[in-house]
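This structure is in structure tokens; I'll ask about it shortly.
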Amino acid sequence: MDYDFNFAAVWRDFDLLLSGLGLGILLALISIAIGCLIGLLAAFGMLSKRRAIRWISLSYVSAIRNTPILILILFTFFALPQLGIRLGKIESFIVTLSVYAGAYLTEVFRAGLVALPKGLREAGLTIGLTEFRTKLLITIPVMLRNVLPSLSNNFISLFKDTSLAAAIAVPELTFYARKINVETFRVIETWLVASLMYVVTCYVIAAVLRQVETRLAIPR
Amino acid sequence: MEILQTLEAIWLARTAILDGLWNTIQISFLSILLGTILGIIVGLILTYGNRAARFAIRIYSDFLRGTPVFVLILACFYILSVVGLDLTAFQAGVFALTLFCSSHVGEIVRGALQAIPKGQTEAAKSIGLTFSKTFFSVLLPQALRQILPTWVNTATEIVKASTLLSIIGVVELLLAVQQIISRTYLSLELYFFAGFVFFIINFAIEKAGRYVERKVAIPT
Amino acid sequence: MSQNLLEIQNLHKRFGQLEVLKGIDLTMRQGDVVSLIGSSGSGKTTLLRCVNLLEEYEEGVVAVEGEQIGYKQKGGKRVRLSEKEIARQRAMTGMAFQHFNLFPHMTAVRNVMLGLIKTRGMDKDEAHSIAEKWLERVGMLQRKDHFPGQLSGGQQQRVAIARAIAMNPKLMLFDEVTSALDPELVNEVLAVVLDLAKDGMTMLLVTHEMQFAHDVSNRVIFMQDGRIGEEGPPKELFKKPKSERLAAFLKSSKF
């Protein structure tokens, strides 16, 4: 293999890669926030007394989890306009990733809610809180802290999934890496740097989230 | 939705769709098979290897798990041709998915082996079993049962990730469908159709996995 | 007006096919301390939980200070009250649970303050000083900034009792508050309950501690197959049980 390494071309465009990385993190943050709301709703839906609501929640989760995310991305961006729903690239991707995250978080939250001791809710009710306030002040906060580690893992996967935004030309890290690859032909350097950026970011996110986990953990 | 028109378009393009489906199945099957074999080796080294080997494989595994699978596919596709390995897009894609699968299977195997209580090895030693006998008749049968559910999950992840090969030009199911969309403009209907087919495949894999799980479960 | 504080008439409760309460009548006046005893499955905990509607009941009336709990009569039909009304009614009674059920993500003092702020509408300072007063009363003031996970079972139960009593309930419900405790921690909790009884608190207790029921109550009710088997002042009931069943039960409870 005779390949002369030359990182100069990649360094020249490094700020592009960095801006792409920043956009990716931002997309993941927004999506996990919206995804948490969807996931909470659907998790309570899964535990609802009404069969129809349980069925809707379950269908949502299994449909999304069993469909490739690339198809979801393309569907939202290219197919929904046929129904008059026209979104920009970034908005469209955020919608997809949020709905996608929501399906995975539904499972996380459902398991977290089921694992809570039954008496927690009852204790809230006995001090005169309504069902809604009991959820808001007690069950949801306790459950969220218990599932924090899976929440972190989900966030890291979501961050990696932002690479797929390149498929609809959202200018994130993978998009710029492809661009630099095509323009400079510094193939190995480009992909080595791009994947290292992902790997290092994942490590950093994991380390930060572990700190957050210990800080938010319920003392015992 | 133009249901009749859609069904007609699908019927007319049935050979193309079936060819795409066949490619999807081949990609998934090969990647899961090769990735699992490689992954078992990775897992064994992570568990039983000496320090240097463990360190090297830890980097291999963390690097692959920290890189988005899409980046992995693009990197393999572009880099392998530059370093003189003349692989088709299909082969490069399978190579990338195999690496991806191996890192995940490796972690699953390591986790399962480490979760087996130490007493099992000690009990096996005390009745005079060698390490290899201990491994094959005591540890492996227990580990495999623990691995099964997560491994099935990884398999469905690979099936979903196989759609990413469409972006490097492998005519698997998604690209086959996209080609019909470019002729018929039935994007809503046909993306839905593609998603549905993947849903069926993954649903079937999950059900099969559950069935095997029940069959091999240790009675308690 | 010498109204009964708690009035239960012809209470029926079913879990599916199984009828666990088969027509209970029970009245309590201000300052009464009533213990419910009986073997497991006799319906005593279910009866207690109907008083604050943790269990819905199918038939009969549960009324606190003359106000029916959970339902109203409308055009001859029984209608469930709104979520808000039920929450208000639940705050009329306080409850201590077998498994304490403290909120694990809040310190002891925050546990006590939550209801005061959210239900009673107090500001933080007022709630804090009331919470401290009650934590001191149960001997937990020094541990007020500990989280439940950092406290022993007995300590958690004392905080849980403070949480309930700080709401100034008309009636306290105690559901086997010592059953989940290690034997050496039982007495510290019973001492707190006894102390509250001396203070004139109206209390309805489910308990397995016969000696304690004997000491604390002015009336004891023996539950048997979803009905009231026997009731009376503790001295009579424990010394001279009328029925075979009660005698056998007391014997097996090593009283």
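A, B and C are the chain letters, set down in written order, and residue numbers restart from 1 in every chain.
We adopt the following convention: contacts are C-beta pairs under 8 Å (C-beta built on N, C-alpha and C of every residue); 3 or more make two chains touch, one makes a residue touch a chain.
Since this is a predicted model, take the numbers as computed values, not measurements.
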item	value
Chain hops separating chain B from chain A, counting only touching neighbours	1
Closest chain to global C-alpha mean, per-chain Cα centroids	A
Mean-CA-position distance for chain B and chain A (Å)	21
Interchain centroid distance [CA atoms averaged], chain A/chain C, Å	45
Geometric centre distance via CA averages, chain C-chain B, whole Å	56
Residues on chain C engaged by chain A in the complex (per definition of touch)	52, 54, 83-84, 86-88, 90-91, 93-95, 97, 99-105, 114-115, 118-120, 147, 149-150, 160, 163-164, 167
Chain C-facing residues of chain A, complex	117, 119-120, 122-133, 137-138, 141-142, 145, 218-220
Chain B to chain A touching residues, read off their complex	62-63, 65-72, 74-75, 78-79, 82-84, 156, 159-164, 166-167, 174, 178, 181, 187-188, 191-192, 194-195, 198-199, 202-203, 206
Chain A - residues contacting chain B, complex	1, 3, 62-63, 66-72, 74-75, 78-80, 82-83, 160-164, 166-167, 174, 177-178, 181, 187-188, 191-192, 194-195, 198-200, 202-203
